[in-house]
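The structures considered in this document are given below.
In the two complexes that follow, subunit A is the common piece, with subunit B as its partner first and subunit C second.
Our next item is the complex of A and B:
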């Protein structure tokens, strides 16, 4: 593990807001287990739990907490200067941080989604959800990481994207779904494990290409922004 | 405002690393934080002095590559510091903001710095830097449990771990108790004597006076003076120099001094004379001759306004 990854991981797990990661995946697991044990038809509980909660809330919220935490929190408290005053090319800072954010988000979300997918339908659906959510974690993490460098309020902007763009507009304005990471994840999961429980209007090639574009574009932009990182000038 | 320069400091030493600012300005919208500053920093300790809001931190951030100059260039040995992480091989920064990873121990923190610098023996470098700031006893405690001064010393150790040629410190004595302050001053002296280029900012005159004779004085975003502050004082020819003189016959000496052209005023007090002289050199050359001619013995001659405080107040007030 590189030193940047090690410090990032220590910082992430050392902050209290890491505890915020736990309740949502736990809720997803509990709902899936309770629904299954009560014998409720998966056609009824599957879409709201897997998509409505798992992919629309748990994945983006966890990725938001982690993605803005790996760099945004260090910018907020000023500790980022410690890493930036080293002769490291900036990609050697951005990529390890993106890897840690993606790894932590994917591990936190993919496991409960896998279990819920198995309980709802099959191991294949579980694997499809886990794989697609891992890709989604990568896209969300890249997006939220670059937001940390573009704005002083990355969490707020991230929430606006997740709640307003994906959650509200995505429900009523069909065109917005094309630019929704959530819909790309559903399309990819449905491609790996075709099921009636998942449904989207976005095609798989579009989802794959746009996911790659967001990941690469956000990462390149983050590296460039970090090269020009300015410390907010105090007045003295 | 004109810049008073007492010439390049440490000119006799071959500069190991030189930090150059050429016509550097930085503005935020309509507010000019730093205005057309040109300076060269070579080996030795230099104090960056100025009242709050003078632009010291903005200047330090530009030197450290954390802020782009709106105009002009900041270079370290000819290389720009902005968007150039390679300069951190030769440059260390201790920022004013007390930002440390509280969840790490001092040893882990400094060791991480050594590893990020890709030093060949990071463990040995970390131990050396921690010893340098006398933090070995507490190095295995989490930084979150430290006092402000201990945290500051830990940050200095992390900034020194790669033995940089240039060390920039923003208000390094903040939060330190007197003993820690003395220790830090001694450390800066040692580093300066060893040929490192050290620049520290402060708005506390006594701190600067004790650590460094060489100052860069910022006032309202401009470089108001540069060099040894005693020399700067002597260059302020529009301000009479004030001397305290004690002799075997103060009254007779006062009468004789009034005839001297370099003297602009004499005050006879209970403890001796207060003499105002327009020309520092002419007065100090004339005084022994005058005293000798009148068979008066001069017991004490003390410049009264050569302290950094008086130089600073003249600069800020001008």
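Our next item is the complex of A and C:
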């Protein structure tokens, strides 16, 4: 474990506000367990819990808070200078931070989704959801990491993407679903464990290729941006 | 011990002898400043991007609805339903403006400066709350006004038609005010907990979004009473239930209100009032303690 990833992990866990991440997955678990124990038909509670809460809310929001936090928090309080002035290649800064962000988001989201998937259908669905949401966490983290280098307000821009693009437009304009990480995750999970609970219009190859493209593209762009990064004080 | 030799020179500073405006002027100034901050007025272009993005989207939607109505005569959404349809944008707007109003002051540590004025701590919180409520009400009210103007100028029934339309608009505006009050009090309470705008925005969105599926789950539980009480699960649904109870057909056409909330209308109203009251009370409590450190 490199020093950068160590610092990043401590920056995330060292503060009390990390506890804010826990209610979301906990709620997912509680809803799944309550629905299961009361004997509600999984076909009814599956989609709202697994997709409506798990993949559409918990995954992007956790990835947003963590992904913008690993680098954005240091940029905000100016301590990023300490890392930037070390003789490290930029990829040795971006990749460990991306790894930590992905690991934390994936662990926070995949575990409750696995349990909920098992309760809803089968171990296979649980594993499928966990694997797909880990991939989704990677894609979201890469995207939000590069956002925190491109703009001073990464969280709001990330929320525009999550709320307006994926949430609002995804519901009314079907075509935008092709460019939505949420739909790719659903497509991949449905491919690994075909059930009636998940459904999307995006085909699996498209989802896989686009996910890889977002991950690689965002990471390369982040490394390139960090190469010529200028530390500026807050304006406006 | 020698005699003190220091002298205090009068170098001619003038004292302020004009009128002192007092508490309510401070309150008014803070409220106005908050309202301007909400829309980024008097600040750089960067601060205007997100509020006006949301405002632009709702106005475009309203213009689209008006166009559909004038061309085909079909009412896609009533005024009250408009607020419900825009709920995700309202959440985003609160996530943008709420932290802007209170988190910046917490982070930069200017609160002791505010509280050294004749401004009670509660007034600071209430002025910010008032600003957020007004901004949200404008966000939901302005598009409804656009829709009303479109309908009023194309009505076939003359002045009578305009009058009926106005009768539809006013409940819509009241319903928008309900949205504004509930969302502002919950959102501002969350924002006032942290000085980091990023965390405040994430927290607000998380709270509003994670509560929505609770309603979905409760409404499929195998108990009629639980189904009818399901809308207590999230602020958005709570507002909708109160609206359905008080406005009836204007919000939920076809008299389906009974199916949704049963006889629990008064309970929903009580819970909504309690929610707002407790959020405001917690906000005031928070500002009694904050900046004392």
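Here, the second predicted complex is superposed on the first by the 231 of 236 C-alpha atoms of A that agree within 3 Å, B and C clash if a C-alpha of one lies under 4 Å from a C-alpha of the other, contacts with A are read in each partner's own complex, and residues count from 1 in each chain.
The working rule: contacts are C-beta pairs under 8 Å (C-beta built on N, C-alpha and C of every residue); 3 or more make two chains touch, one makes a residue touch a chain.
Quick caveat, the model's predicted, so the values are computed rather than measured.
Trainee: Would you check which partner chain A:61 touches, where first means subunit B only, second means subunit C only, and both and neither mean what they say?
Mentor: After superposition on chain A, A:61 lies in contact with subunit C alone.
Trainee: With both complexes overlaid on chain A, does A:40 touch subunit B (first), subunit C (second), both or neither?
Mentor: Second partner only.
Trainee: May I ask you to decide whether A:23 touches subunit B, subunit C, both, or neither, giving the answer as first, second, both or neither?
Mentor: Touch partner of A:23: subunit C, not subunit B.
Trainee: Go through the superposed model and pick first if A:154 touches only subunit B, second if only subunit C, both, or neither.
Mentor: second
Trainee: Which holds for A:86: it touches subunit B only (first), subunit C only (second), both, or neither?
Mentor: Only subunit B; A:86 stays clear of subunit C.
Trainee: So, does A:220 touch the first partner subunit B, the second partner subunit C, both, or neither?
Mentor: After superposing on A, A:220 lies clear of both subunit B and subunit C.
Trainee: Counting only touches as set out at the top, which of subunit B and subunit C does A:179 meet: first, second, both, neither?
Mentor: After superposition on chain A, A:179 lies in contact with neither partner.
Trainee: Please indicate which partner A:169 is in contact with in the superposed arrangement: first for subunit B, second for subunit C, both, or neither.
Mentor: A:169: touches no partner chain.
Trainee: In this superposition, which partner touches a larger number of subunit A residues, subunit B or subunit C?
Mentor: When the residues of subunit A touched by each partner are counted, C comes out ahead.
Trainee: After superposition on the shared chain, which partner residues are touched by A:6: those of subunit B (first), subunit C (second), both, or neither?
Mentor: first
Trainee: With the touch criterion stated at the top, can you tell me which subunit A residues are shared between the subunit B interface and the subunit C interface?
Mentor: Residues common to the subunit A contacts of subunit C and of subunit B are 235-236, listed in rising order.
Trainee: Given the complex with subunit A, which residues does subunit C contribute to the contact?
Mentor: 43-44, 46-47, 50, 53, 57, 88-89, 91-92, 95-96, 194, 196-199, 201-203, 205-206, 209-210, 212-214, 216-217, 220-222
Trainee: Touching residues of subunit A toward subunit C in the complex: what are they?
Mentor: 17, 20, 23-24, 27, 31, 34-35, 38-40, 44-45, 48-49, 52-53, 57-58, 61, 64-65, 68-69, 72-73, 76, 152-156, 159-160, 162-164, 167-168, 235-236
Trainee: Using the touch definition up top, name the residues of subunit A that touch subunit B in the complex.
Mentor: Touch residues, subunit A against subunit B: 3-4, 6-7, 10-11, 14, 77-90, 227-231, 233-236.
Trainee: Note which residues of subunit B are touching subunit A in the complex, please.
Mentor: Interface residues on subunit B, with respect to subunit A: 26, 28, 33, 52-54, 56-58, 61, 64, 66-68, 83, 85-89, 91-93, 95-104, 109, 112-113, 115-118, 158-159, 171, 203.
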